[in-house]
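Working notes, structure below.
Think of it as A, B and C in the order they're written, each chain with its own count starting at 1.
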Amino acid sequence: MADRERILKIRDLNISFKTDNGNVKAIRGVNLDLYKGETIAIVGESGSGKSVTTKAIMGILASNGKIDSGTIDYVWYDEYTGERKERDIVQMSERELQKEIRGRKIAMVFQDPMTSLNPTMTIGRQVMEPMMYHYKKSKQEAYQKALELLELVGITDAEKRMKNYPHQLSGGMRQRIVIAIALSCDPYVLICDEPTTALDVTIQAKILELIQEIQKKKNLSVIYITHDLGVVAKVADYVNVMYAGKIVETGTINEIFYDPRHPYTWGLLSAMPDLDTDDDELYTIPGTPPNLIYEVKGDAFAPRNKFALNIDLRLDPPTYYVPGSKTHKVSSWLMHENAPKVEMPEALRKRLDKMKKEGV
Amino acid sequence: MEDNKFLPNDFEFVGDKRDITIDEVIPTTSAWKDALKRFCKNKGAVVAVILILIIALFAIFAPMFSEWDYAEINTSLKNIAPNGEHLFGTDSYGRDLWTRLWFGTRISLFVAVAAIIIDVVIGVTYGLISGYFGGKVDSVMQRIQEIINSIPTLVVLIILLMFMKPSLGTIIIALAFTEWIGMSRITRAQVLKVKEEEYVLASRTLGAKDFFIIFKEILPNIYSQMIIMVMMSIPNAIFYEAYLSFIGLGLPIPEASLGTLINDGYKSFLVYPYIMLIPVAIFSLLMLCFNLFGDGLRDALDPTMKER
Amino acid sequence: MNKSTLKYIGKRLIISAITLFVILVVLFLMVRFLPGSPINNEKLSAAQRAVIEAKYGLDKPLFTQFVIYVKDMLTGNFGVSMNLYKDMPVASLVGNAAKISFLYGLAAVIIGTIIGMALGVFAALHRNSIWDTLATALSVIGVSIPSFVFALLILIFFASYLRILPTAYSSSQPIYSSIMPVAALSTGVIANVSRFTRTEMIEVLDSDYMILAKAKGLDRKTLIFSHALRNALIPVITILGPILVNLMTGTMVVELLCSVPGLGKLLVNSILSSDYNIILACAFLYAAMYIIMMLIIDIAYGIIDPRIRLGKDEG
């Protein structure tokens, strides 16, 4: 554990969006750590701010978005001198971000491969472009590397595919291309924004395995954004549960799956479908996420929380370490010493025990 | 840190006094109300509607209340600049331009509306038959339409105007003849779409006749598209009427329409610019307003339809 | 080019040919049967009529006349003018006029498309700024108000009021005297193209693939020039059809207003003087140009845009 190297450290990140209806506080004090070679997952309902957080890391927020406060410290070693550098991405200029970070240090795989490739540019050019742009590679070099990349992501007939246009490929193939593009400049961090949601179930597992394999080969750090806890269980080392622009619970995969503490995490886990559920119907979390145009008073989850305390309506809970763990943190008043003891619902308990036994 | 601020009941459950299972209810409004609301948000379109109404009111009533006749020639009164008696002056025949202008606007609007009504009837019927019955009927009708459509409007108009003597009726028929294709295309596309919907299938299995299905199930679903199309066609019709009258193929003398007025004014615009500029202004305003109105309607009725 | 593309082009060619033939038949019949044509003049005596009919070959059966007309037409002979320019060959009259009109139209399309695209891209890149609002407002006005009104206004302002541009075409100064009519014709093209380009460009800028391209770390210039522009500008080809129609109607009036000896002016004059051979040739030429242009636009779009596979959406 001692030689884990932190390459990304987000502290108290606040982001808001200007819209016609008012200012939306999309991210409210997010803390996040990413270590070299490890995988973290950010889970939450749509609109909880998962994608916004990662877009902020890459500096590609929509034009109406603004980072109000916070830091995103990124650590890397200079390619030539090997010197250790640490910079706050929030403070970097657009030009620095574009030249240093995007594509080169941090790359991203997007949700929908059907729309994320340029329809009028050949696959080859799209894969070669970043290398030629960032590293001034010659066309021949870039072509060679692109071929290798396409083979790495499991595309047969790579030479032929280089000349194809996106519409000539299937969804799974396109996602492989998007991954190849992301890998083209040898980034240290790969952000995968729901990389499998838009794909067929049969392809999903293959793409996940591919990403894992490449991660091992290249010692990448990966951030997964997903609402699919099945994906999380399969790939992540650490899990961050996000709700209404805040991370409400974070911990190792075992801590989150076998010892969840936040009522929202309970809800998410209960809502996860599995093959042998005994319950007649799938659990859903009542209500809808709050509209972040309005100032949130107290705990944003309180209105949907069966276990809400009076203080939840008044004050935002601080973050507590779960006793006995250095990694498991929860933002909930239930963790306060004065709070009544609350256990997770019986049905969930049983389910998690069973999962543990089966070693999922 | 905040421990001293805790209230005594802070760590008690809120309990189930609250009804948390109910989702936030979004009040539902009818589609038309929704569209109206969206339309009213578009300021340009609202202003355009108001202007169109004002122009239409003037076109209807101004000639009635004018003491001058639109066609009465009085050479002793020719080319008078705008004044209190002749608000917009008089032309080279001594006709009062205020009266003539509004009378001409009335004719232009009438031509446009009449042409559009005819073209809706033809277009919708054609589209309905072609789309609903499909098969051979459809492909023959589509080929015919393709051929007509690939003749430029201008050539069609000229051919028709040569066959028939220039008159109000001729222009209306000529315009209707060239404008119906767009309408029939939209109708056909909608029919093809709606035909496959569950509810049409449902009513067919219940034994509904073709006629019934067309009128009860299909037509109500293509209203909004039709309205958009009509609103887009009106400025087109106004334009072609003015255009034909301007190049001398339109209404015969002494009739007045915006096109003939502009044409009259053009003959002497160096000396009496007001004779031409006033009808040009009204004509331009009408075109602009109908376009804005049409755009607004399209955005309001069919938010998915892109600006093209 | 694959099989379905060729099949589609073939189908389009056949339909175009049929259409042209239908138009020709209709125009031909119209010329022969129209009241007021020189042959149907009541003032003529039977003998005079016979002379004229023999001269123009009108004494033969209708079908034979048509065959002769088509045969002549294929060799470039469209008959002679009956009234307007007595006995001048229609082919050369129409040919000379068409040359000027075609050049005007071409100039207006090229100038208008370039300026329109630039304006549209500019507005899209500065979305919601004052420039965007201004460009949008101007293009709405330009789209709504037909080119003949612009021609009138430009004529009054530049030619009559400022007196810096000639009001009429002159063969001694063909370029200088063409500035005004071409400018008038271009306004509509600029407005249509810029409005369309803006919408397309905004859609492209918001697209997923632009976000991906940005995530690759490309600079703004590369993003816009190598990723956005191509995708935003290709669809502009689709509105060249409607623009062409606008231009055809536009040229007619603009030519009348500026005394340009073009096809539009010739057509209007021949209509006013009932010179049916010229009308027939002009109308046929208009239709043929339109049909050929539409065909070219369709095929060009299929070749330029890799996404479009021609013939995909038949029927």
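As a working rule, a contact is a pair of C-beta atoms (placed from the backbone, for glycine too) under 8 Å apart; a residue touches a chain by one contact, two chains touch by 3 or more.
Computed from a predicted structure; not experimentally measured.
Chain centre most remote from that of chain C: A (centre = mean of CA atoms). Closest to the middle of the protein, by Cα centroid, lies chain B.
Chain centres here are Cα means. That of chain B falls 25 Å from that of chain C.
Distance between chain A and chain C, defined via averaged C-alpha coordinates, is recorded as 54 Å. The distance from the centre of chain A to the centre of chain B, each centre being the mean of the chain's C-alpha atoms, comes to 50 Å.
Chain contacts: chain A has no residue touching two or more partner chains.
Annotation for chain C: no residues touch 2 or more other chains.
Touching chain C in their complex are the following residues of chain A: 58, 60, 95, 98-99, 101-104, 107-108, 110, 112, 115-121, 129-130, 133-134, 165, 167, 178, 181, 185. On the side of chain B, the complex with chain C involves touching residues 44, 139, 142-143, 146-147, 150-155, 158-159, 162-163, 235, 239, 242-243, 246-249, 262, 266, 269-270, 273, 276, 280, 283-284, 287-288, 290-292, 295, 306-308. Put simply, chain A touches chain B in their complex at residues 286-288, 302-315, 318, 333, 336, 338-340.
Residues 15-16, 18-19, 22-23, 26-27, 30, 34, 140-141, 143-146, 148-149, 152-153, 156, 160, 195-196, 199, 203, 239, 245, 248-249, 252-253, 256-257, 267-268, 271-272, 279, 283, 286-287, 290-291, 294, 315 of chain C are the ones touching chain B in the complex. The part of chain C that touches chain A in the complex is made up of residues 207-209, 211-219, 222, 226-227, 230-231, 234, 305-307.
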